[in-house]
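A quick write-up on the structure given underneath.
Every chain is named by a letter (A, B, C, D and E) in the order it is written, and numbering of its residues begins at 1.
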Amino acid sequence: MKKIPYYPGCTLKTTGKNFEDSAIATAKVLGLKLLEIDRWNCCGTVTSLTQDDLIHHIASVRNFIRVQEMNERGEVDDYRLLTLCSMCYNTLKSVSNVMQERPDDLDKINNFMDREEDYKGGVTVVHLLELIREMGFDEIKSKVKKSLGKLKVSPYYGCTLLRPKEVALDDPEVPTIMEDLLNAIGVDVIDSPKKSMCCGSYQTVRNPKTVVRLGYEIIESARKRGAEALVTSCPLCAFNLDDRQKEIKLEHPDFERMPVFYFTQLTALAFGLKKDVNNFDLNFTDPRPLLKKKKI
Amino acid sequence: MGKPKVAFYWCASCGGCEEAVVDLAEDILTVVDAVDIVFWPVAMDFKKKDVQAMDDGAIAVSFINGAVRTDEQVEMVELLRKKSGLVVAFGACAHIGGIPGLANFSNSKEILNTLYRDLDTVDNKEGVIPQTRTKVKSGEVTLPRFHNTVKTLDQVIDVDYYLPGCAPPPDLIMGAINAILKGELPPKGSVLAPEKSLCDSCRLNKTKPEKLTMKEIKRPHEIKIDPDLCFLAQGLICLGPATRSGCGERCINANMPCRGCFGPVGNVVDHGAKILSSIASILGMENEEAVTEEEVDILLDGIVDPGGLFYMYSLPSSLLKRKKSD
Amino acid sequence: MRIGVYVCHCGGNISEVVDINKVVEAAKLEGDVVLVKDNSHLCSNDGQTLMLNDIKEYKLDKVVVSACSPQFQGLTFMRVMETAGLNPYVLEMANIREQCSWAHYNFPKEATDKAIDLTKIAISKVRLDTPLDSKKMPIGKRVLVVGAGIAGIQASLDLGDAGFKVYLVEKEPSIGGHMAQLSKTFPTEDCSACILSPKMSDVPANKNIELMTYSQVESITGYLGNYEVTVNKRPTYVDPVKCTACGDCVPVCPIDVPDEYNEGLSLRKAIYITSDIAVPHSYVLDTDHCLGLFPLACSKCRDACEADAINYDLYPEKVKFTVDTIIIATGFDIFDAKKKPMFGFGKFENVYNALEMERIIGCEAEGKKLAEVGKKIALIQCVGSRDEQINREYCSRVCCMYATKLAQLMKRSDPKKDISIFYTDMRTYGKGFEEYYKRAQKSGVKYIRGRVAEIEENPDTKKLKLKVEDTLSRSFIESEFDTVVLSVGLEPNKGTETIRDILRISKSSDGFLQEAHPKFRPVDTLIEGVFLAGTVQGPKDIPDAVAQASAAAARAIRLMNQGEYEAEPITAWVDEDICAGCGICVGICPYDAITSEEQSDGTRLAVVNEILCKGCGSCSGACPTGASQQKWFDITQLRAMLEAAL
Amino acid sequence: MKKDPKIIVFCCNWCSYAGADNAGVAKVQIKPHFRIIRTMCSSRIDPELIIEAFKKGAWGVLVLGCHPGDCHYKNGNYKTLRKVKLLKRMLAQFGIEDDRLRLDWVSSNEGEKFGKVVNKMIDDIEKLGPLDLSYAETEVE
Amino acid sequence: MSKKIIEITDEGNAFLEKVNELSGQVVTLCDQCGTCSGCCPMAEEMDITPSQINRMVQLGQVEVLDLEAIWLCASCFTCTVRCPRGLDPSKICESLRQMTLRKAIDYMDIRDISEKEMRRLPQIAIVSAFRKFTG
């Protein structure tokens, strides 16, 4: 089994546990062992966008140093750092790029962290979706045990997997990676024009109203085209699009709730894995009635 | 008038040039018949004082091979110059410095230390280095001073003609001797070999592609050399294009690229710099617009020791002559 | 040798910094210098006369001018030399203005020293200068024109009318290019086909023009006055002489193909004629789509043809000819709007590009309906132009105006149409453009300043919702439209690449072909005798394309009418006594000017074609023997200059 | 004795010489210790000539050409790049400092850049001092 | 409502410079095409549009710092991948926010969020909000 350093991030250990468990189980089927990096710290979530703000990059760099150490110790087979949460992916990958492009800034950061070994650069960041694409979707197809053909789902990318261009794991305007995966596991994929529209992200803390508006637009746009559920790869999107459905309902009394899956929950289903890895209790809108209705 | 007097002398050289004279085989006999050899330390027992005793200009021609790097060599060539009508720099070392000239990438101290002290095979705990004067029981023995810089013959004395090559091939030697005997000599300072470079006579010249480029540099041991294709076209650096012809393509025919022992042609002053220019120009020339600077560096990495390669025979006669000493 | 040295004050520009006297005195000490003079304005009429008289009076045979940059007044003084009966290449200039008094005005002493050195360098070079003759080469009156859009047609007609032999090569079955597809033309609204088709039929009528359609240039070798061209002619399988254009073959053909002329909005058959105005007016069998000729899979069209014009046993034909000059007029392609996916082109059925709309309107005028266009129409500007996200920084120059035109035409056909143009900036720089724009505004076309960010299709009604900020009112417009027209930009024609590869012409950063000088040689290329006409050089409208085509024709005539031309005198030459034919220089020459030629004794020798040689000196720099030398920059001269400089 | 540095600047006719003129026209102030030798294309300059410049007393040699892709003769400057790079490697074997030979690209409108590049070269060369090559001529241990 | 008169001042220019420096963008490049506004998911709630933010910066109007819009930007980079001038408005907004935050003025007070809400929010939301809204 190929061992790859894995960065969980804060939320996957709590509200996003269902994502982590289903992802680890999915990866295992694909011959991948996600080796959680030791002493990981916050990725520094949301990349700093000002030129002089190096201090916030340190959080990510320290995680890269862990990867460097794991490789030096020969514990893993990959110099890349794997993430599941899209937001961590975006933050870590941007910092990795910045460090690659601005060696002077890396020097500054290394000098600053006098208790840490120097980060030598070169750690790149991958999302599980990218690794799956690397393996080939045929490989996925070959692992499918259970038909999900009746389920109509619409992939939701949000921002952080696709933008800005330098960190995007697919074409920012016409992404296909999730569609390809979903097609491979045999679900009925519904395209929605709002699939990469922002869900409001951290504005959910200060401006939940906006998030409610966006969530409503996103869900209804998918529903209008026939979707019964959304699929995401981000615990924050999941919160905004799923938990906030409570508020949407208050605003739009006719609104009907729509389950939101993590893509790994669907792969786990398709691969016929044990139910508990999906831990649907943690999904804000319980998808089980839908699954039952579809006889899955 | 008697037979013309001829002298042979060697300086810093391998002895190959002397061998070349001996190798003239039957032809040597005609030479010996026609001339009177008055000095030839390798083959005959004449002494320095014999030469000193001669009148100035008494020797018709002195053939001097080897480069110059010791006091003794300077003294002898100056003596021969004085006593000779003509001086011919014989062979690559006298002509352009030759292989001994590569020592100019080091200085005398480094050489002596390496040779007498630092080499693994040397057992010299006290670190004794040869001195020009050493007291021994029986008195003082002397060694000639070992110079810092290897020089060509014409950097020390006036030279009339040059017989190039490592070593000069028999036909050129005979040609030179016959010309001297007949008094049909070209203008002073001439190199007694053809005016064109080796490609002119090389049988592989016609095998070159229309547009000669080198995709990457190969070294002779790295590939199986095709004996019927121009070496440059095979990615091997051949100094033939910049090197005077006349050797009979000895190396080429032995399936090795030319290393330049005949020295440059035309109005070229610096043999190495010229061939460097040619090689750098055609290396990676195909689709050169698309080659990045980094890729250029990688291409050039293929030339492991540019100085040693491009000046294999001609370092002392080059413009820079030697490594800068600090 | 008698060298005269002239030191110029440049009206104080030099003399205020450089001590002219010192320069004069220093020059006097140089060998071979027989006369040194200074003058306040050497380039003035007085200065030139002074030089002229001195050359005669003092029998000067070489001249050094210490003044400004040779790139500035070099030609002036070379002309003086010629007038005085001296070769212009035994003149050297020492640049003591740009390089001394201006670059070092803070260091007058050093500037003076440098001026002395530069003068000495010039003297040392002029000593070794030998007269250079420009070779006179014969040149004929034959031209190749590649591409038969309006630009290629205009250039060919101008040349043909002036009595020059023209070979006009067009890759499509008919000439006319994009203009043949347009509805009407801004700002005059002439019907495009009506004004173009007479010009198109003038082409085969002109006895000096040899038209080759359905043909591609395969190779071009040679040089100005002697370009050898090979053209590959595709067979049309229909004999243009026999074909009566009755069209009987068409209904029998079982194959349907999207019609390029209508931008795929209608269908044609595998045997077809491109348009009603096609020239040559003859049918073409398109082997890419025909069921198959080898082996013959269908012969319906031949059976239907009463004129017996169809012959399946034809093969591509290579035509070779020689021309003296070349005009490239390979035009443009429209931007592929699929590269801006947010506009849904190719995905949403009611989104069209502007050329499709040209066809829709054009066909409508002839009573044919290609598509249903609703009442509420939006035009989106700058699609594929002025956009760094897709690496297109340039403005396409015609879309502001053609959008205005399309809007007006639609409005005219139905005044109830509600038309909005979403623009970034309105660019109406041409003659009559602003007036035209105003007319459109008057007719009720709404101009909304804001770049559309995205389009959403209503899955049920197929109506299109635009999202855009009106940047003038700073409010958002979110409105549904029946039809959206994308004003796509112009990009280099893919067909240009083949010809560019053959001739090795450079591109400018926008991808269009590079002119020799943006101001003063806008239709020349850096290759002598090769000219550009029309949109191949950059986006432009029809009047500009036509003007450029006539300009290119005039530039070509300028060269050819002389009967002979002067080749670059600074060329390489090879010393045959030294050259070993090693061939290194052969591949190096960027103009293929050197060949390695076998001699009677089996050895080889490099031979420079002085006509092809542009005198870069790359070969001399690389030659391992010094056999290759560049005239005027001989190694002995370079050495002498170094000597004087150090 | 403090002598002034001497730098030879080889300029191609189309870009860098025009760039030098552009510097002059714009009155960019440049240290005066350099002399330009103009050729049509930078590729005319061969390593032999550069070494000769050193030999004749230049403290440094600056080769300027058109930017890659802009060569008036299509691709001469790529050859210059390779020649200068290889020569630099070889000069290192002779113990000649890397800073003494430099290659840069200056276009006809880059007067400002021309000034910068030349001034920087002169500054750097001043630090190195003259290039003493007499050791090869004299015979002292 | 009387019309506002804008004066071009040195302070204003200095402000523009500062934003350029912090954001690494050249704000004067903005063409005012409105693409960013058109695609911005937050624009509906903003008091001025993203392109207007750039306009105010170009004209040196420091008041832009007091507007809500700069805090509403969700750093979604939609505008970044669409701006035809290759600008990154999200960076411009961030630098404007930073100018306030670096004066130790926070945009958000944690105490304003109910405990119930705090329990409900995923960490990632809280951490990122802190990163964006507090100094």
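Keep this in mind: a residue touches a chain if its C-beta (ideal position, glycine included) is under 8 Å from a C-beta of that chain, and two chains touch if they have at least 3 such contacts.
If you're wondering where the values come from, they're calculated on a predicted model, not measured in any experiment.
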According to the touch definition, list the chains common to the neighbour sets of chain B and chain D. C
Ignoring chain C, partition the remaining chains into groups joined by touching, separated by vertical bars. A, E | B, D
Any chance you could name the chains that touch chain C and chain D both? B
Computed over C-alpha atoms, the centroid farthest from that of chain B is that of chain E
Could you compare the number of C-beta pairs in contact for B-C with that for C-E and name the larger? B-C
Centroid distance [mean C-alpha coordinates] between chain D and chain A, Å: 55
The distance between the C-alpha centres of chain A and chain E, rounded to whole Å, is 26
If you average the CA atoms of chain D and of chain E, how many Å lie between those two points? 49
Intercentroid distance (Cα basis), chain C paired with chain A, Å: 50
If I count partner chains per residue in chain B, which residues reach a count of at least 2? 268, 274, 277, 281, 285
Residues touching two or more other chains, restricted to chain A: which are they? 173
Two-or-more-chain contact residues of chain E, please, as numbers and ranges. 44, 81
Pairwise chain contacts, counting only pairs that touch as defined: A-C, A-E, B-C, B-D, C-D, C-E
In the complex formed with chain A, which residues of chain E make contact? 21-24, 41-42, 44-45, 71-72, 74-78, 80-81, 88, 90-91, 94-95, 98, 107-108, 113, 120-129, 131-133
Touching residues on chain C, where the partner in the complex is chain A: 341-342, 456-457, 459
Within the complex, chain D is touched by chain C residues 69-72, 95, 97-100, 102-107, 110-111, 113-114, 117-118, 121, 504, 506, 526, 570, 588, 590-591, 614-618, 620-622, 630, 633, 635, 638-639, 641-643, 645-646
Parts of chain A lying in touch with chain C, wherever the complex brings them together: 173-174, 193, 224-225
What part of chain C is in contact with chain B in the complex they form? 575, 577-584, 586-588, 596, 598, 602-604, 618, 621-627, 635-636
